[in-house]
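The following blocks contain the structures, represented as structure tokens.
First chain A sits with chain B, and in the next complex the same chain sits with chain C.
Let's look at the complex of A and B:
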């Protein structure tokens, strides 16, 4: 059997998931210029809200997805207003914000573990009976197709939002220089709040989709975040297109890397890629 | 001060610190005889294998309650200090350090995952703290030292039992191994592969994965490409659920055979039809109805995971030993080598060999039928 088509599909699926995390991460980094570690936990928030609504309360799946995504966004928005905004006003350094975000990462994760236990849960209702599609001898599931479609739609939507709207212009202005943006009359704190909402909502969606594909657990945020951050740095931190590129590059390198050697090297390969980029091209693929 | 005076002062300081350090933690010499006897517990209360850890904890609580209701140990109640090992070496090691140096327990029940136990058995041996693991099966633990015991069988037994079962009973000669990179996964894999090759079978591929990994697609893709007749999948609950699903999603139809960690009903309810026909080996435990009823009353369902009976018996065994020889760790250690405990729910007899390993082990194979594991005939 030729395994290349399946390896390509595996890489694309992994890349798509990393993209969702990297998109929001880069969006927030672009506007605030600090490493928001709490971004990872938004995936868990989205996944667990969906789990509670759809599986425990039996709500319609689509409504549950919307509420899950919305709540993840709101939690992100709330974190900005409660923690990051006061710190920014006090002109706290990025190091302080980073440490704060580490706390903002750990606390919700602990709350989720207390409320839902730390056991691994799957979201999918029909495990094992899922529709399979054959692509050149490889297999892809319905869930994975939905993930791919969402990634394409969200990336396209985000690009349109950033380039075709007033809001997008403001976000880009803040990314270029927050002080100047302020001077020309942009309410930067308000815009950054919205950026947190959008970025966190995308992470929440990532959590739900990962939950459908594999499953959810309170600690899922960290591994997603790590891969998302690698993707961001490789692609060019703060750059939306770079994040997408980096995510797929990471997916391919990771999955093709263990083609000829044993699978336990997967994470080692991912971090080796990060180190190579940090040494030879620290600003990533896209950033000049 | 010249060089040699400095040396002398330095040596005196070191000696003083050592001497003081040696005497101070001993505390008051005659303990009040009504204060509780404290022992430690380490298990995966969160993280990987948390389902097992929580179930085990329930059994330990029941067992401790029973010991205390029947008068405790010489009138003193038994108290367990629970620490979370998260099925991870460094976390378990921190937990053990706390139990050894702060709580100064003479004995630690645990850890559950072999990686937990391996991480602190050196420290326990050095500090002369008895370790009685109710769940760790990695072969390397046999050589850990005098103070390390387990009433769960070494994987030497499990690995060769499964090799013979797959080769002779199932008649499969070409097997792929997919294993978690952990003391447990590596341990069984090594024993299994060696035995299976001795029998005349072929291991067509060995694929490892990080214990925390949830995406095993590429490993499974590689396995599928070499056409084995069966996959021996050594994984804990959290990776096994996505792993079993992903095997199905990649169109793998060959049978899956797992290790004793698959004796967790959560896996089979979560993977539903994807787990149909999966098999795994597990230690035979003579569970009685009384124990089942007590667990049901506390847990709320019929779930008794792997190691839960062992943990229940371990508490009883420890209480019996401390009753006889007191709380001195060395005395407990010596007594454990001589003890034989019968009438438990985990084995007909618990006895330790000179490595502190459980003597004798009977395995059975369970097969999953419509989401429930039943004994294979």
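Let's look at the complex of A and C:
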């Protein structure tokens, strides 16, 4: 069997998942200019809320998805209002925000582990009996097809939101210069709150999709977040197109990297890519 | 009693980790989150030498330190190109890469199976197999590291480090090669972490990669931020508190596995609260 088409498909699917994390991360970074490490835990929140509603309570999966995504967004919004906003108002340094977000990441993750145990859980109803589609000699599952579709839709939606609406203009103005945005009358704190909601909601969706594709565990947030961060930096941090580009580049590098060596090296390969970029092109592909 | 000795030994090991990390984060202002990697190099060197060769405990410490000096020199060289939160991200990367090596270099580290049957040290006819004797040894090392660190911070080197933290450009203008000073303190701190690792491996007599992952570095960071940056006694205080915390939680009535998670919840919340209300920690002298 020829392995190249399957590797390409796997790379695209990995890239799609990283895109979702990187989109939200970049959106938040653009508006606030700090690395929100708690972003990853939103994926776990989304995944577990869905797990509880759909599998434990037996709710309709579409309603469960909406509630899971919404709650992940609300948690992100809450973190901004309770932690980051007071810190920003005090003009705290980026390191303070980074450490605070490290705390905001550790605590909810452990709470999830207490509530649902640390065991790996799968969200998919019918394990192993998924429909397979053949594409150019490789195989792709139904779940993965749904992942690809939602990533395309969400990226398109976000681009439209940022470029065609008043809200999008305000977000871009804040990303350019928060002080100036404030001076021309934009309620920056309110807008940033919404940005946190949207970004976190997208991460929540990423968590649910990963849960369907492989499964969920309380620590899933960290590895997803780090991939999202790497994708963002490689592509150009704060630039959402750069994030998408970086996500797919990362997907390809990772999947082709583990072609000849064991899959456990994936994270190390991802970080090696990050370090190479930090040394030679710290502002990423898209940023000058 | 035996249990108290066990806790005291763990405290001594984490206090060494805290004191040494404080040299880099507190005194020099570099937010390093890769301490667990050097801790792991020390632990693995001792574990491998003690189980697979006739080399004794004390020579294994020396070898672990040498190995760590080389590794941390190379890592420090790359990190010297980064600043602020990018520096922190770079250290995330190195921790993940070294963790991947511990996990995947199976012929040497036995991967996820870990290395069992590491022996306790013996010196001048004193056998450290009894926990009480080992406690004395651990405290001796802690004392040694503490006074070495005190010596460094009160020497002219310490003053240069603080100057780098406050204003790197200014001190560079005075003709100090800041790269050199940052590298020196980084590798000294890493070497101390390696010694803590050797002690840990020999004390527990079993190690596996999970003890040296990124979250462990975050835990060590929490110790020094809680105790206070740029205050060595603060790091000891922080280690004491965070080591005793799960025991307190168990005493209150949480089962053991939940107490371990509760510790993460508590120190996550502590990090957030400290950043919000007391960024210099309990008795720190420097705010991030």
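Just a few scattered comments:
Here is the rule we use: the second predicted complex is superposed on the first by the 283 of 288 C-alpha atoms of A that agree within 3 Å, B and C clash if a C-alpha of one lies under 4 Å from a C-alpha of the other, contacts with A are read in each partner's own complex, and residues count from 1 in each chain.
Rule of thumb we're sticking to: contacts are C-beta pairs under 8 Å (C-beta built on N, C-alpha and C of every residue); 3 or more make two chains touch, one makes a residue touch a chain.
Model, not experiment: these values are computed from the prediction.
Aligning the two structures on chain A places chain B and chain C in a clash.
In the superposition on chain A, contact is made by A:7 with chain B only, not with chain C. Using the contact criterion defined above for the overlaid structures, shared-chain residue A:119 touches chain B, although it does not reach chain C.
When the two complexes are overlaid on their common chain A, residue A:20 makes contact with neither chain B nor chain C. When the shared chain is aligned, no partner comes close enough to touch A:247: not chain B, not chain C. Once the two complexes are laid over each other on the shared chain, residue contacts for A:278 go to chain C alone; chain B is not touched.
Contact with chain C, but none with chain B, is seen for A:87 once the two complexes are overlaid on the shared chain.
Of the two partner chains, neither chain B nor chain C is touched by A:147. Looking at the shared chain after the overlay, A:100 reaches chain C, while chain B stays out of its contact range. In the superposed model, A:132 makes contact with chain B only, not with chain C. In the superposed three-chain arrangement, chain C is struck by just one stretch of chain B from 2-10, 56-64, 110-118 or 164-172, namely 110-118. On chain A, the surface touched by chain B in one complex and the surface touched by chain C in the other have residues 113, 262, 264, 267 in common. Across the complex, chain C is touched by residues 34-35, 83, 86-87, 92-100, 102-111, 113-114, 222, 226, 229, 233, 262, 264-265, 267-268, 270-272, 274-275, 278-279, 282 of chain A. The residues of chain C lying in touch with chain A in their complex are 31, 78, 81-82, 84-86, 88-90, 92-94, 96-97, 99-101, 103-104, 214-215, 218, 221-222, 225, 258, 261-265, 267-272, 275-276, 279, 287-288.
Contact residues on chain A toward chain B in their complex (touch as defined above): 1-3, 6-7, 10, 13-14, 113, 117-122, 126-130, 132, 139, 141, 214-215, 217, 219-220, 223, 255, 258-259, 262-264, 266-267. Chain B meets chain A in the complex at residues 46-47, 50-51, 54, 181, 206-210, 212-219, 221-222, 224-225, 227, 237-238, 241-242, 245-246, 248-251, 266, 270-276.
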